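The structures come next, written out as structure tokens.
The same chain A turns up in both complexes below, where it pairs with chain B and then with chain C.
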Partner chain A sequence: MTPPRSGQVIAPDQAPPASAPGSTQEDDLRVVGTPFRRVDGWAKVTGQTRFADDLTFPRMVHMRLVRSTLPHAFIRGIDTSKAEEMPGVVGVLTGKDMPEPFGVLPVSQDEHALCLEKVRFVGDPVVAVAALTEDQAADACSAVTIEYEPLATISSVDEAIETSEPLIHDYGDEGNLHKKISLQFGAVDDGFAQADEIFEDVMFYEGSTHLPMEQHAAVAVPEGGGRITLYTSTQTPHYVHKVLATVLGMPASRVRVIACSVGGGFGGKSDIFSHEIVAAKMALVTGRPVKICLNREEVFYCHRGRHPVLMHLRTGFTKDGAMVAQHLKTALDGGAYGSYGVASTYYTGALQTVTYGLPRYRFDSIRAFTNKPPCGPKRGHATVQPRFALEVHLDKAAQRLGIDPADLRLNNLLPPDSITANYLKVGTIGLGACIQAVVDGSGWRERFQSLPHGRGLGLACGSYLTGAGLPIHWNHLPQSAVQLKLDRMGTVAAYCGEAEIGQGSDSVLAACVAEVLGIGLDDVLLCVGDTGLTPVDLGSYSSRVTLMVGRAAIQAAERARDRLAEAVAEKLDVPADRLVFAESRVFDSGNPENGMPFAEAVQRAEEKFGALATTGSYAPPRAPGRYRGSGVGPSPTYSYSASVIEVEVDPETGLYRVEHVWIAHDIGRAINPVLTIGQVEGSVYMGLGEAMMEEQVFRRLPKNRSNALVHKVPSMLEYKSPTFHEMPPVTTYLIEDPDPEGPFGAKEVGQGPLLPIMPALANAIFDAVGVRIDQVPIGPHMIRKAVEDKAAGGDGRYGPKAFPDIDFGVPLMVPTPDEGGDGRATNSEEAGVRKGSGTMADGVRKDSKP
Partner chain B sequence: MDHYTTATLRVNGQDLRVVFPTHHTLLEVLREECGLTGTKHGCELGECGTCTVLVDGEPVLSCLALTAEMEGRSIETVEGLQDGNELHPLQAAFADLGAAQCGYCTPGMLMAAKALLAENDDPSAAEIRTALAGNLCRCTGYHKIVEAVEWAAGVARGEADAGPAREVLFGASVPGEGS
Partner chain C sequence: MMRLPVFRLHQPESLSDAMALMASSDGETRLVAGGTDLWPNMKRRHQSADVVVSLNRVAELSGIRGEAGGEVRIGAMTTLAAVAASPIVRAAYPALARAVESISSPAIRNMATLGGNLCLDTRCTYYNQTEEWRTSIDFCLKEGGTICWVAPESPRCWAVSSSDAAPVLCALGARARLVSPAGEREVSVAELYRDDGIDYLTKQPDEVLTEVVLPPSDGVQMSFWKLRRRGSIDFAVLTAAVALRRDDDGVVSEAAVWLGAVASAPVRSEAAEAVLVGNSLTAEVITEAATASRKVATPLDNTDFTLQWRSKMVIHYVEAALREIAGLEQERLAPNHAM
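Up next is the complex of A and B:
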């Protein structure tokens, strides 16, 4: 069976603009735009791909962790003496062996590889044991005794607000509030005063977890010369590298992190985990390779998933549906540690402005510490929750104003090349085309509000970053880099720190190199995700890889092409700018016969210049915001999506079924359409999971037991996720309008298409049975309750009642661009910068430099 | 507790003599004693389907199968699917359509799909869904997997024009844009 490698380009007559990186005038893309077999496809279908747990090394031992059984307690004593005597045991570690704190963000260095004096959630790791076999390690773990002094448990945002003692951490903005933000862009009150109508909503978005099929695993291997190599299932080898060196107290040059193929990430493997550090330490202590593979229960404890967020949204509209001002309040349940939480908190407000015109905007937020597994980034990071709120809010506004929800959005699209009220620079916007596609495809104009009772259509939109504009560790360094080594036999080796997590980043890298150099994908050899061998790429998060790795790859390949062209031009005696690189040849465009094979071109260039290697790198353009907090939200370009969902609801029982999903995604250009569609369908799937059933929730054990707050469902059977049977048909439209920032015009696709799904479902349920479910996941009982409520004369709504009363203080005042602002706040002195400001007492740590 | 069992397992057509802790599952012995790490695990509790292998042609969750009971049975894993260096039609279709994204659920999906095709060489999409419903995938949204199995079934039936629809490769035609 031949792979569909020769599939035609989706829009052959649509040449990219000359400004799209990687394109040339006489562009005739051969690889980019075709549905080629992913470069790692063969290995993945043969079982050859080696995930971290598939590795073994001579003398390797196995490690297990003893985890806290209490949600919040002081550790009063640890007795490992019995465990040390158990058969096969080679090493035991406790917190004091690795006392250096760490955290992925420089402002939240609040974790320890093993807990020191306190445990903060059920599942917090306390002791590590290594033994010859995994069974022996597990047996020895049961022989460890830990004496705890229990502390009061903080189980929710409300409890965190009310309870300032005991403190889960000794840092944060206020009591158990980790972070508190108040930002005001423009004269918001004036905006509300001009509004014809003001609508308010309170919404709740439940937490959920990534549930990757692969359980996290790591193998640490001590090497000669005091070096250590860690093989791990990570999305961010560079960050693991930095933290490992810090906690182990080793020069970073002796620490090497290799990102294995990741069996599903979705954000869940973008943090640095206890087990990674402890495995490395154990390897150094025992002098033997150490493997740990978490069991499924432990994966639920690692979490770093979707924050539960309560939201209050208040918007002023004109009669014709334009927004004149908005005030959004969010409250995040952060769990026990900082993780990416400060960024998450900002993200619950940052992208509200990039879809529709919003001249004035206020955003207030808190993130609470609670005694639960820490939350962090999950697909769409923390933009998903406020997007749900906004899109349902708009649906209600449209209904009240008597405007079709599609028109309300189409009439108020943010124009391209805008600077938003919160100083995000938005370039191309394919949202209008996306809405049009799903409206036409679903028959919206004829069918919305016209289907029989119980059947409904809902529409919603979304937008996401194509890579975070700012790095986590503040610096001016490139955020991605690619090195190419050209071999005289015609092989091009590409080195890059990117991490393939299933999204197809290896294929993007290979495609960009192959396209520019006119060679086959199979002529490109990849070496990726190895901090010892590859130049830094920041990792697979924030949908940054296609754009940033792609741009770096194009630059490196263009530099290589220039060198080859110079040598070949001399040899063939034609001007270099007449040379074409295609079909693994370099030839004169005026006389294609006059040319040479690619390998010979490399040889000619090697004769002329010596050994051939080039580099390319990428750093995003600087964003216009200058206020504190403006670092979260900028991106080189934003992707847009729109979706219509059709649902069938039984009003009696509340049971419902999603019948069809139409989704359009503004991809700029699909590097590989079939993989792009896979990302869209995967996003739709994960969005439906969150909309319909997934929840990471907790319960208390009975009082006569420990009364501990424990995970309700730390198993795959109980944590419900969609199977083949729950997945509805999906019609995907790729909207291609090449973006000048993207490689060959490409934008992201891994996360954006998730965003419209949850609100589109809620809106469809309203169209079907006339009730509003203002929270996700949407359970049948919620629909039934709302239907009953409506029948009894109520408002037919199910959802949270109120947002807690929080004093956000004086907001940081930032005049908007329209008001003549320059991106700075006017009152930085009195507002915004509170004591600590959600940071560690000593501020940014010294190791926050690259 | 260190009881060991010795057994001869027939794996991918070859007899392997293995010694293993008696309580170890087929999953553990395949991965550890046989060195066949192509078979994956996502829960070790029978919940995810990732560890699916074929025992006498039937899909079995290897994390729930006791190795000690496998003597004399024929076990097939993902490593046995290809013919020499040629991919099985299921493997080729999965690779081409991106039905393997992270690829972690893939070995289990492939084995469950193989069992289906052995019973039914022309399954409908609904039959494919039902046959694979015990296998979770977090990446693909399942559609590419169903399309890959349909394609592979067509190839296995020797249909010259077997292949995915244009929409599967490029997305639906955008309304109003012709084509």
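Up next is the complex of A and C:
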């Protein structure tokens, strides 16, 4: 086998579409596609980057929060009188100071900056204290007394189903079920009737948290004229801005949110957090800058991470391995608040259709409220859990049907430019090339099923959005915008609301501008993530930034280029369309000597037009779905990934070691191959963490002795995440097939490459020792138990036994495109589509009016 | 961040000054060596002190004296990094070097000391938590509460002895020197421990552990295996330390089999030793001894991993340690998890 070469770029045979935004001719690209040093790299490695906790201001005070020590209780009294008398204390706040509810989704406005009447999990914030020093604030917090009236604790989905009282929230679809969904695309029963084989699986995916190195921090600074500025470690400054204005009851123009560089987000800083709002309120009340930096335990309580999901998957196959129908049921343990949960619930079903042909599909789901920190989006959002289930399910199907798992997938690839059964419009699909790359790289054809007992290979695939097609707050506005200011000295300042969270979004923005204007990365000055100065970008989530910011940047830069070209053409007396922008010059392509420096071009244009500034923006194309729930899943384009994992397993102990990961990612085009490969490797690392050991789990003390429900190990020592020792060598292949929607053809890379990792490991373990582990993380004891079970004549499987018996009622029926459907449901009345309580599809209903 | 509470810190430069400060201080007084255990515990408020006497500047407590083949003395304040790097230790007591080198991470080993590791507070996932967290479970028997949540019917605390050096030193028959204002005494390292999660040391509060004395290692074969989730940082959930002598015919004449992290103290398996002594180290004898060793382990649900699996792993880890000594292949235990 040839030694693996990491970072190999593979261009499929077909010619790239000429229409990729920003592209002129491929050979012309000077910055895009070249490995370049990230624009924020120097500051980060030398310690110059100012993270939120690095900031300090004159007269700044420190804040700490008193958090609930009970999992579920009414607040009967709060006594802060002693705390107020403590040395150094300058301010104390409770829930009644900020009674306005909020939530990131319009349909889940169920949080308060500090708890009002109830606490819903251990760690729910109740009181805030600000003092001259952090020690004084902590001491004063200890002097606060809160009187609780405990309520019964709901610790799991099963308990939530069984327990209709007490309610954790007074809203939701049914009892303690926050959300209940049933969608049917096409004549699913007919599909199953055509199947040669029907396979069923029950799988479980444990919850995990983001574990960013940087703990959340915020500094609120009161400004003159009744204004407030909040510096915070956030992925979504725009949403923080909206919520701050609402809860503080201030005009948005008086509230400014500045997203500091984020030391790790992964979805965990895309919500609006209590401490951000309370710091702002405290600054307004005390008239002093207020800082809070959470400790590690509090970061575990903020959470909004991976939902634990139990899944039931039933699929009908033909003898050749084609899927004819599928029924997926998911049950999400949501934790104590809504957060992004309604979107998460839909996401556990939405992307099952975008990889392989699936003509008919039914999806049922519940999300339960439980007395634990709220779950939300983590890298891959809630598409990760059902992807695990599907890819292991396919591996088993391939085995039973006697088809190579790679062929089963290759034979059933969704064709490009499809509209799926659930009305997702898919553009380019590089999945086939991805599978081919990892199959070739790993020696799959020779080695799968042929390695010695204890060693195995597993293959799995995945797909992810390149930006959510619909905004959270439904509207027709652009989802990203860039403003450029051209300076007569040659500097181009780019203003954009995007938030650099380490993924390299600043570098993408600078590269897109530099590429179009033919200038160097150093000539682009960035002003980003500041709601006071920059145009709105919705934030760093759903893998939307490269595509949406990139498109907006290209548009703004092209408009600037057109202005410069007009002025320069006049000056040089050549047609504008013959001008080339490159190497910080503007010149005649027919006679490169005839030209001028970029700065002079700006001056000529400024003489002609006055001060130069341009704007660009981007709104995704409208998706074809018109049914309630169709707002979750659409994207301008989808990325694809495939992975092969090689594992060594000791059947005696169940201990295993991942030996190698081959991964191919359909990137469309890499704006910066080095950053792209970094994101792939980061996804592999995080995926292995979830596959092997990470779990956000809770302890319920014996019910006869205690009502307690606590996070089992809210510390970085005992929350196990892989170290260098566990990280195997990774071989990355980038599949480049430019997509017409992407900037220069680029797709996302921040999340998609995580998806194949967990199922590839489970499949590899089966190849190694012949047992199926139908849940993650995969502990050695599970393998050992399955091996023992198999030796005793059992089926050699470790995993959940059954999916709870839930009445999903009449599903919302949506005929598929093949059945002549138009994207609308045919039985909204009968299916009892609920009004108001439930879904973010309020907007979709409006959208459905022609 | 987590903040240390207010306390008075003394940094004496001699052992006699340290003992004098211990004797004269008012309130709760503690010794600190490297601080890698005490400081985090104090930040979480499950250990507290009004006065802390640091031994960091007491030069006489640092250093390794002796020669391979003879008795070797290791000062209690010798850092783990220094112990692991010592040519004497590596040559004469390779199992000790391996155990010490496996502890936590390089940064911790540069601060933590051998004496500190031997006196390491017992650990439990109900105990090594912040004060707020422990308030949520109404505390536990070891600190502030009345119930051992690991075993609610039990009258005792089941926190776990997590020192990696302890089982090896027990197996090697090492002794510990304890000095107090009243005089000094030497006990075997095994006698330093008591199988009680709270009162886990027999050392008196006014005694200072000053030195570990290792007997000559000539002819001793030894091994140490450790189970934990990751290849670094994590405390052990199981360790197996074995030391034995074989006569010229390969028959085992002396054997010591010790387990760590499966009880509140290092535990000895006399049953395993009895299987070994008088026999050659064949694969069958090793399996029988390893199987016999499982009985003394009492893992409970207060560390990483499931207790049933940890209990099963005792056999595999003792077996691996013995097979290593015997020069047999050690199956395919994933190396990251062993050593």
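Note that the second predicted complex is superposed on the first by the 807 of 850 C-alpha atoms of A that agree within 3 Å, B and C clash if a C-alpha of one lies under 4 Å from a C-alpha of the other, contacts with A are read in each partner's own complex, and residues count from 1 in each chain.
Everything that follows uses one rule, which is that a residue touches a chain if its C-beta (ideal position, glycine included) is under 8 Å from a C-beta of that chain, and two chains touch if they have at least 3 such contacts.
Fair warning: this is a prediction, and the values are worked out from it, not measured in the lab.
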{"item": "First, second, both or neither for A:67, with chain B first and chain C second", "value": "second"}
{"item": "First (chain B), second (chain C), both or neither touched by A:599", "value": "neither"}
{"item": "Contacts of A:295 with chain B and chain C, given as first, second, both or neither", "value": "both"}
{"item": "Comparing the two partners chain B and chain C, which touches a greater set of residues in chain A", "value": "B"}
{"item": "Which superposed partner A:252 touches (first chain B, second chain C, both, neither)", "value": "neither"}
{"item": "Which of chain B and chain C A:143 touches, first, second, both or neither", "value": "neither"}
{"item": "Which of chain B and chain C A:493 touches, first, second, both or neither", "value": "neither"}
{"item": "Chain B versus chain C as contact partner of A:784, first or second or both or neither", "value": "second"}
{"item": "Partner chain(s) touched by A:681 [first = chain B, second = chain C, both, neither]", "value": "first"}
{"item": "Contacts of A:263 with chain B and chain C, given as first, second, both or neither", "value": "first"}
{"item": "Set of chain A residues, in rising order, touched by both chain B and chain C", "value": "135, 215, 295-296, 715, 717, 723-725"}
{"item": "Chain C - residues contacting chain A, complex", "value": "1-3, 125, 128-130, 132-133, 135-138, 147, 149, 152, 229-234, 304-306, 308-309, 312-313, 316, 331-337"}
{"item": "Residues of chain A touching chain B in the complex", "value": "1, 3-4, 7, 10, 35, 37-38, 40-51, 53-54, 135, 210-215, 261-266, 295-296, 433, 436-437, 440-441, 501-504, 664, 670, 673-678, 680-686, 715-717, 721, 723-725, 727, 730-735"}
{"item": "Chain A - residues contacting chain C, complex", "value": "67, 69-71, 122, 134-135, 138, 215, 293, 295-297, 454, 648, 650, 652-657, 693, 699, 701-702, 705-706, 708, 710-715, 717-718, 720, 722-726, 779-781, 784"}
{"item": "Touch list for chain B against partner chain A, complex", "value": "21, 31, 36-45, 47-48, 50, 77-79, 81-82, 87, 89-98, 100-107, 110, 128-130, 132-146, 155, 163-164, 168-172, 174-176"}
